[in-house]
Amino acid sequence: MKLSDVAELIGGELVGDGSIEIANIGKIETAGPDEVTFIANPVYEKFFSGTSAGAVVVSRKFNTGKYKRLDERIIPLIKVDDPYLAFLELLEKFSPKTELQKIGIHETAVIDETAEISIKDVRIGPHCFIGAKAKIGKRVTVLPNAVILAGAEIGDDALIYPNVTIYNGCKIGKRVIIHSGTVIGSDGFGQAKNPDGTFQKIPQKGIVVIADDVEIGSNCSIDRATIGETVINKGVKLDNMIQIAHNVEIGENTVIAAQTGIAGSTKIGKNCMIGGKVGIVGHIEICDGVILTAATNVSKSISKPGVYSGYRAQPQMQELKQEAVIRNLSKKK
Amino acid sequence: MKLSDVAELIGGELVGDGSIEIANIGKIETAGPDEVTFIANPVYEKFFSGTSAGAVVVSRKFNTGKYKRLDERIIPLIKVDDPYLAFLELLEKFSPKTELQKIGIHETAVIDETAEISIKDVRIGPHCFIGAKAKIGKRVTVLPNAVILAGAEIGDDALIYPNVTIYNGCKIGKRVIIHSGTVIGSDGFGQAKNPDGTFQKIPQKGIVVIADDVEIGSNCSIDRATIGETVINKGVKLDNMIQIAHNVEIGENTVIAAQTGIAGSTKIGKNCMIGGKVGIVGHIEICDGVILTAATNVSKSISKPGVYSGYRAQPQMQELKQEAVIRNLSKKK
Amino acid sequence: MKLSDVAELIGGELVGDGSIEIANIGKIETAGPDEVTFIANPVYEKFFSGTSAGAVVVSRKFNTGKYKRLDERIIPLIKVDDPYLAFLELLEKFSPKTELQKIGIHETAVIDETAEISIKDVRIGPHCFIGAKAKIGKRVTVLPNAVILAGAEIGDDALIYPNVTIYNGCKIGKRVIIHSGTVIGSDGFGQAKNPDGTFQKIPQKGIVVIADDVEIGSNCSIDRATIGETVINKGVKLDNMIQIAHNVEIGENTVIAAQTGIAGSTKIGKNCMIGGKVGIVGHIEICDGVILTAATNVSKSISKPGVYSGYRAQPQMQELKQEAVIRNLSKKK
């Protein structure tokens, strides 16, 4: 594709020679002469002088004069309003999706005869299992060795990666993506203590409901409710190795980074941003719009939006002040 | 089922109209007119005034007069000694177990010809693998895509969920439940440093022994011993994503919440309660009856029962006092 | 095997009766009369007086006189320079490897017709899947139910345990070992916020490259790069449940203990030793030779080798001093 076509594709202003051939996109540090790269974050401007890329997508405000090219080559630019969004478009354009599974049901997949599989462009891979009365929507992809137990439902256009397990009765929304190793609907951790110190299992009879447009990373565990539902609302995005206990509810468009754990019956609001390795105890409520920095532990409800952090969560400003006081104190001694 | 029959089933005293039909159980916040709910925890008494449930199971001490019903309906009660235990009985009654796998060995399962499978009511699902000389006890259920390697042994009535992996030679007791994604017997993390900075793998030749009545959540890892055994004793209950390193031993009836990790050769006593996200270093001993609150890190042996907490574990009272001193200090400045 | 043969095998000096028969190796606490044990760590010397082992491998400096045998039996010794290395040799000798998979491709494995499988001693187990254009090297073992998606490459002598998932295009080096439940190449956690608060998935078009001689424990997640590569360099050893985000790079011979997480684009140096449950934020750099103790959280780049620890990483000496000051402070009040 000619550079001038690239510029047109992303609606940018071409400055320089539009006739060069672009074969791919690349990172500014490593891109070659037939690759286009971009600068969205000013931190990366320092690489401008030395990049070997064929062209650079930059913000309209980007000041070329500031950076002298080391090889004195005049590098073509494409100026756009938002270089990052432009980059996303090019990413899709130059990296077509690998087709991981052909349309149809692989002959080695085992599908219970009472399961309802949409006839519309479904892809079910080798060695998958679909249990009794499970329902699989239109254009769903289930990759090799995934297991969907009895009565589970998968919405249209969902994508289930290999070795995922979805327990009986759980409901997965439309366009949901679930990465490998993730388990949806394992039993909540309910154990009632007997007088002799042993424990009796509390049956976990509820389900998990994952709403539309949720993405769940690899090796997550989302437990089924004791009764009722564990709920992951619309547009929630979960990173890898996240533990969601029974009867938890997570509000719309909340994003959670890796290795975070949320204990039973806790309710998280909408539009929260939760860092990695955060721990949240059970039976509390976090309101909408809360930001928890990485490794924060929350043991009480939070009712005001804002940023919280610390081994025992506090408003971030307060916690950083406390940290500074402690550090000063130990310097004095 | 008539409400009077429900009362009889749980040995409770019916107060009100026993002729109404009960179809299910429900949470007090959401139960409908054909559902029975319960109040075990006083925190939920506040919902009594507004619940739409057909009836409520309460403690014999429950004081109805204290809560005025919003709709002035006189709601039938069933009075029992322990509402929670009564609820567990109803949970079983109204939510019959889904049969996830029929009796027999699915035709797509691969069973080594030297494996010993009990002929008594075993269920082995599609695409399972049972290796050479493995032994499977009576009434064991192995769900789809679980893998049991050579020489492993599974005790009577055990339940192995989909996509579980049990490595060679590991021994699983009777009535053990293992949830999806869990790995039993992966190699312990043993690496000997060579003079040139590279590492040489220390062969891990031991096994994992899981005693009777243990339940293990999803996505846990329990490593095999270097030599000898990693031991999970009788009645231990593990939540999800728990890491148990090589040669660890966990005492009877100890319960551990999600995302906790225990490093190599550490010994945990009986009847301990270990919160979520706890970290315990290797080569130490925790005595019987220790409680570790969530996110506690333990780096030294604990020889007295009691509650411990903190980024560096201390007796909880001491740790909370320390926390208070720090918070005051930073307020003054 | 006679004890004198054992001594010869490990090049040690026999002190005592070499005619006894040795059938196995054992731990000093539990070894029986036909087993040889060892003392490498002085902590275990206390067991010398009471061990029932047939013989003990000890350091040449070991002072027998110091420990009186309880049963007055004169226990044969084998004196060597490094008892631990000698033990490793015996471990291999007495515990031959279990053959987990026969040479050849199991008839239930599904191999895409365009995949390139070496004809040299490859072992591919039941219910495995190998996708289009994937490449499998010489003497590779892929155990039951592992999934290798399109275009992935596995180097010679690699060992892939059951239920591992390797996503499309990822490259695995020679002699790499990957334990069960681990996921290589799941999508990096890239979500761009839309003006309405919803998130748009940033396509993850890069791959993961695992260099030669890497070992990865069970239930780890290593995400693919957005563009370019997530890189695990030669000789890196990862324990279980480790989260490696997109575009991370880990230097040669670095070892990382369980439940540690490293956020996106962070670069870790060579020869680092990272404890369990460590958290490292994204977009920072840790230089060569850094040691992070267990449960440390790192939020800034580290440019000097040394030991760091704490809820917010500091040089360890400084952090321990701070801890001591705090503990004193709360005792006074």
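Going by the order they are written in, the chains are A, B and C; count residues from 1 in each one.
The rule is short, and it goes like this: a residue touches a chain if its C-beta (ideal position, glycine included) is under 8 Å from a C-beta of that chain, and two chains touch if they have at least 3 such contacts.
Since the structure is predicted, the reported quantities are computational estimates derived from the model, not experimental observations.
Copies subunit A and subunit C of the same sequence differ in orientation by 120 degrees, per CA superposition (steps of 5).
Because subunit A and subunit B share one sequence, their contact can be compared position by position; here under half of the interface residue numbers appear on both sides. Subunit A and subunit B have centres, each the mean of its CA atoms, that are 27 Å apart. Among all residues of subunit C, those that touch two or more other chains are 108, 127, 145, 163, 181, 219, 241, 259, 311, 326, 329.
Considering their complex, residues 25-27, 30, 84-85, 88, 91-92, 95, 98-100, 106, 108, 125-127, 143-145, 161-163, 177, 179-181, 213, 215, 217-219, 235, 237, 239-241, 253, 255, 257-259, 270-271, 276-277, 294-295, 311, 323, 326-327, 329-330, 333 of subunit A touch subunit C.
Residue ranges of subunit A in contact with subunit B, taken from their complex: 108, 110, 127, 129, 131, 145, 147, 149-151, 163, 165, 167-169, 181-183, 186-187, 189, 191-192, 197-203, 205, 219-221, 223, 226-228, 241, 243, 245, 259, 261, 263, 279, 281, 297, 299, 311-312, 318, 321-322, 325-326, 329.
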